[in-house]
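Think of it as A, B, C, D, E and F in the order they're written, each chain with its own count starting at 1.
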Amino acid sequence: MKMIYTLFLFALLSSACCHAFVNDFCVANLKGPDGPSGYECKPPNTVTVDDFVFSGFVAGNTSGIFNAAVTPAFVTELPGVNGLGLSAARLDIAKGGFVPVHSHAASSEILIMVKGEITAGFITPSAAYQKTLKPGDVMVFPQGLLHFQVNSGKGKATAFLAFSNPSPGAQLLDLLLFGNNLPSELISQTTLLDYAQVKKLKARFGGRG
Amino acid sequence: MKMIYTLFLFALLSSACCHAFVNDFCVANLKGPDGPSGYECKPPNTVTVDDFVFSGFVAGNTSGIFNAAVTPAFVTELPGVNGLGLSAARLDIAKGGFVPVHSHAASSEILIMVKGEITAGFITPSAAYQKTLKPGDVMVFPQGLLHFQVNSGKGKATAFLAFSNPSPGAQLLDLLLFGNNLPSELISQTTLLDYAQVKKLKARFGGRG
Amino acid sequence: MKMIYTLFLFALLSSACCHAFVNDFCVANLKGPDGPSGYECKPPNTVTVDDFVFSGFVAGNTSGIFNAAVTPAFVTELPGVNGLGLSAARLDIAKGGFVPVHSHAASSEILIMVKGEITAGFITPSAAYQKTLKPGDVMVFPQGLLHFQVNSGKGKATAFLAFSNPSPGAQLLDLLLFGNNLPSELISQTTLLDYAQVKKLKARFGGRG
Amino acid sequence: MKMIYTLFLFALLSSACCHAFVNDFCVANLKGPDGPSGYECKPPNTVTVDDFVFSGFVAGNTSGIFNAAVTPAFVTELPGVNGLGLSAARLDIAKGGFVPVHSHAASSEILIMVKGEITAGFITPSAAYQKTLKPGDVMVFPQGLLHFQVNSGKGKATAFLAFSNPSPGAQLLDLLLFGNNLPSELISQTTLLDYAQVKKLKARFGGRG
Amino acid sequence: MKMIYTLFLFALLSSACCHAFVNDFCVANLKGPDGPSGYECKPPNTVTVDDFVFSGFVAGNTSGIFNAAVTPAFVTELPGVNGLGLSAARLDIAKGGFVPVHSHAASSEILIMVKGEITAGFITPSAAYQKTLKPGDVMVFPQGLLHFQVNSGKGKATAFLAFSNPSPGAQLLDLLLFGNNLPSELISQTTLLDYAQVKKLKARFGGRG
Amino acid sequence: MKMIYTLFLFALLSSACCHAFVNDFCVANLKGPDGPSGYECKPPNTVTVDDFVFSGFVAGNTSGIFNAAVTPAFVTELPGVNGLGLSAARLDIAKGGFVPVHSHAASSEILIMVKGEITAGFITPSAAYQKTLKPGDVMVFPQGLLHFQVNSGKGKATAFLAFSNPSPGAQLLDLLLFGNNLPSELISQTTLLDYAQVKKLKARFGGRG
């Protein structure tokens, strides 16, 4: 009896049902190429719940020079976000640590404070917007603007981040300016930083020239 | 003489003309993968007028359990709609039949009454919007909202549907709730439906668990 | 008892419920200004089901010079489509009538044949795509392309149209070229039409100059 | 001297600087009307950092019937997200509590587990995707799909949510089906739920008819 | 020492850094298929600065029948614009020359005058907007509208064009109407042009039928 | 006779014609508020051709500290670009001058070289893309990335710029970092620049703190 109803249902929905897969979600086929709107979709019958779950939001290793760690759940870790305009990350900052000034070329960001204290801000040509955040606070950083996060508390700080892009990238200002091979004279000229300052930071961030 | 003009024209338009194919339309290559914005484009020189025409809007078979039939002209039937944010369907409902409560995850819908009488409505958390429609009436169902269509007349009813998505899918509520293998206890808990009700409809819609 | 549950519900949903109005739909406030994405939203508590229903798809008056009539259900007739990327129209063409060559600047179109016979087509720089359509046929006209519909049958023809824009406009080629006050010399030059032809059609379509 | 440089800068940037306000962000003027793309922008000189910060992510009151609470940081609480395609919420579920089956008409959702255990899932016509989540897990629920979250652990559960819409709304299935005034017969017919079941839940969720 | 910092940096950015390539740009792989949102992205490590530079904006050959030349920098010449919603072209018009009436199906256009004098305009159903432009003038032509450019000066004219589409196409009205194989009777009927006029221009623009 | 045809035409187009204004263009009402998608539309009957033309692309004043000048044709100068995703600017750089490192938060940019020589580049975390441009060269700078333009020639340099945003803003790095009132210690920490360097440039760019 059940089978009969199922068949009737199929008759009703025969044409509509199979389209449901196409646009209800589009899990990234990470082996294929990507395009301006994201990755190709995996065949729906190969999709499992694990395409929609990422289990790696543990405390990151904060022993690096900034004493900060970002653990992403972007499309490469969480292929189910492909095409959905959304992703997440976990941010850990040890005491004294910080995330240096950076931006995301095509993504806004929301920071949700969980533990400790972070002084965060973003900068526009006409004003800087800065706030000391504690657990329970949420702050938004609009798309494409330079921003920073500093652990201003007495212990570890943890926050979660959400992005309006499944693959938000990260443009760390120091790495941009001092990690490349552009001539130091050119960088000095176009940033108005002293030449010696540029050379000093190039040495630190791996840039040549 | 004509040839000369044609050549001159080609000289003028040599670079512009060949781009015309790229974005003027993008007929779906249904054999290729799809992505968040649709299917890859067929090579323009393989496109014919039949990629833009579908000839199947005949009366659907309404002998199923709901006595209703939806005949789609989505991207898989009408590949010319790929990337255009538009598709269509024909809806036939026999006397006493109906399309149960359902939604389209990423598409709005317009219903154009042609024959008979349909009582249609959609539901939001704050209000339900319902109307009895006759030929000459048009009704819109906003994106992602649950809606239904009931033949409330004395004979067959026919309508045409248009969607703001080339592949709108169809989320039939009963199939969602009772056609899967989620535990009946879980469904009962999260829908607040009685356990017996869940079991009864699971038997009808093919769900296990 | 019901009230208590309702209050509890309200406690759960207190903050979420009131946002539901904002984006679930945005019925056009036609008295307000419009912007690039449409009209302002009417206050949700003033919205009724009639904002989502238009009851005017009756046979249009086909006694004009083209013996054709277009009856729209655009945002001004059906304010519920505001922001939804969708609208509709009814097309009636008397025997011998036609809709002259025209385009929609920012909308694709789907035509659903209901009665009679229409020969329809659209034109690209590299090819024209033309088909004689009968009831049961559906044809799509991609955005921004010139297209036409001719009653090629022996009686009246009726079709329904859907658009991917709540306010698709209509650019009738003759009205564009011959209904304005641009100098006839300029029109003749930039269209390569004979000057006499331009003057003749200007007289017919109300243009001066 | 500084003033001179500032003036020179102004000379360079005179025209560009003042546009920076317009599109770098668009904080919602919540007193004005909203439209399909969001609220009007507040005048930039009235914007403060508090437009980008919300300080209310404390534990919600879970004493309601579902023993769950959603605390939103949507555009009405956090006006800086206007136009950015992003918002957030805090979810608290007491032991035994749950968020019933619901959807967001035009928003995807990411859930970040912080504390306790939640069994969450979403449903499509062809499959249900369900997982038991613990701290460190992240799960995405694609746009427009029915989903649920159940506290399956032995104590309180807390999670943060991010949405791809500044105003995601919330379509609670029970409230949709049983909180309105649609006739119970109609609901029973179009959901295939028993009439008695409909009446029982209408009594609970405040619906009439 | 530098290496150590670099490694620490890598530790910080290990997961974020590699995503930076994905969405910061998507240079077209012109050998692959294109889709509704553009071409697939070239692997980032094969991208060079020359993908972002086109060096062909020299004076075009204006010896054709219109004495005008358009030199494009569209996605096929400048693959770095893929997915960015932007492209450019150079326009040269000899004395007495012009660009005939045409449109771009899915692109707006900005014209920047550099040399000489051009009388340009676009046409809507309610009005024509026309202006004589000299160096220093900028004019915008909204998406999908018919427009023209005539050298109204005493020497050569040069302008640069920018488009809101990486592949804007070009719909030259004469080529559309008279370069295809649609029956001349049909063209005459749907344009209201005299049959003789149609035949005359078909001969000129290569159309048959 | 003409009047009769006009009336007939009106009969045909009565409903369609008046919508044509709505979406064919949306000239900015600069006195009204703006929103996420741009400004409100001016009433169509108040629109003139001058809303689509800007006549100020003359050589800018390059006597400022950077010996460079940007003359914009953004939505505030050219209200016809509202909602069209396109704008333009003229760039003049005197010998020895340059446009310092900057970005546009939500806009890509195309540079068209007209005169002189400019060395331009943009920077990503993994590579810098730099080129010396001469007349005839076109270069694209993807959205949200830091870029610069230096006059590397022996005389004046002139270029035209096009943007994928009617109001692209301009984020000059020095003004961001050194023109605000953030504490110098904080800037030094989050940029890794020496404190003395920060103080020196704050003095130059008007920042306090």
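Keep this in mind: a contact is a pair of C-beta atoms (placed from the backbone, for glycine too) under 8 Å apart; a residue touches a chain by one contact, two chains touch by 3 or more.
If you're wondering where the values come from, they're calculated on a predicted model, not measured in any experiment.
S.K.: Which chains are shared contacts of chain D and chain E?
M.R.: Common contact partners of chain D and chain E, which must touch each of the two, are A, B, C, F.
S.K.: If you take the mean of the Cα atoms for each chain, which one ends up farthest from chain B?
M.R.: Farthest by centroid: F.
S.K.: In terms of residue-numbered contact pairs, which of C-E, A-D or C-D coincides with D-F for over half of them?
M.R.: C-D
S.K.: Just the number, please: Cα centre separation of chain B and chain D in whole Å.
M.R.: The separation of the two C-alpha centroids amounts to 27 Å.
S.K.: Give, as an integer number of Å, the spacing between the C-alpha centres of chain E and chain A.
M.R.: 34
S.K.: Rounded to the nearest whole Å, what is the centre-to-centre distance of chain A and chain C, using the mean of the C-alpha atoms as each centre?
M.R.: 41
S.K.: Between chain B and chain C, what's the gap in Å when you average each chain's C-alpha atoms?
M.R.: The answer is 20 Å.
S.K.: Would you mind listing the residues of chain B that make contact with two or more other chains?
M.R.: Residues 13, 17, 20-21, 24, 35-37, 105-106, 121, 124-125, 127, 130, 142-145, 169-172, 175, 179, 204 of chain B each touch two or more of the other chains.
S.K.: What's the complete list of touching chain pairs for this entry?
M.R.: Applying the touch criterion to every chain pair yields A-B, A-D, A-E, A-F, B-C, B-D, B-E, C-D, C-E, C-F, D-F, E-F.
S.K.: Help me check something: in the complex, which residues belonging to chain B touch chain A?
M.R.: Listed in rising order, the residues are 33-37, 61, 63-66, 68-72, 74-77, 89, 105-107, 165, 167-172, 175, 179, 203-206.
S.K.: Given the complex with chain E, which residues does chain B contribute to the contact?
M.R.: Of all residues in chain B, those touching chain E are 1-2, 5-6, 8-9, 11-13, 15-24, 26, 29, 32, 35-41, 82-83.
S.K.: Mind pulling up the chain A residues that touch chain F in the complex?
M.R.: It comes out as residues 98-101, 103-106, 119, 121, 123-125, 127-128, 130, 142-146, 148, 150, 169-177, 179-182, 186, 189-194, 197, 200-201, 204.
S.K.: In their complex, what parts of chain D are in touch with chain A?
M.R.: Touching chain A from chain D are residues 13, 17, 20-21, 24-25, 44, 48-50, 52-58, 73, 78, 80-81, 84-88, 90, 108-110, 112-114, 121-122, 124-126, 129-131, 133, 135-145, 160, 162-164.
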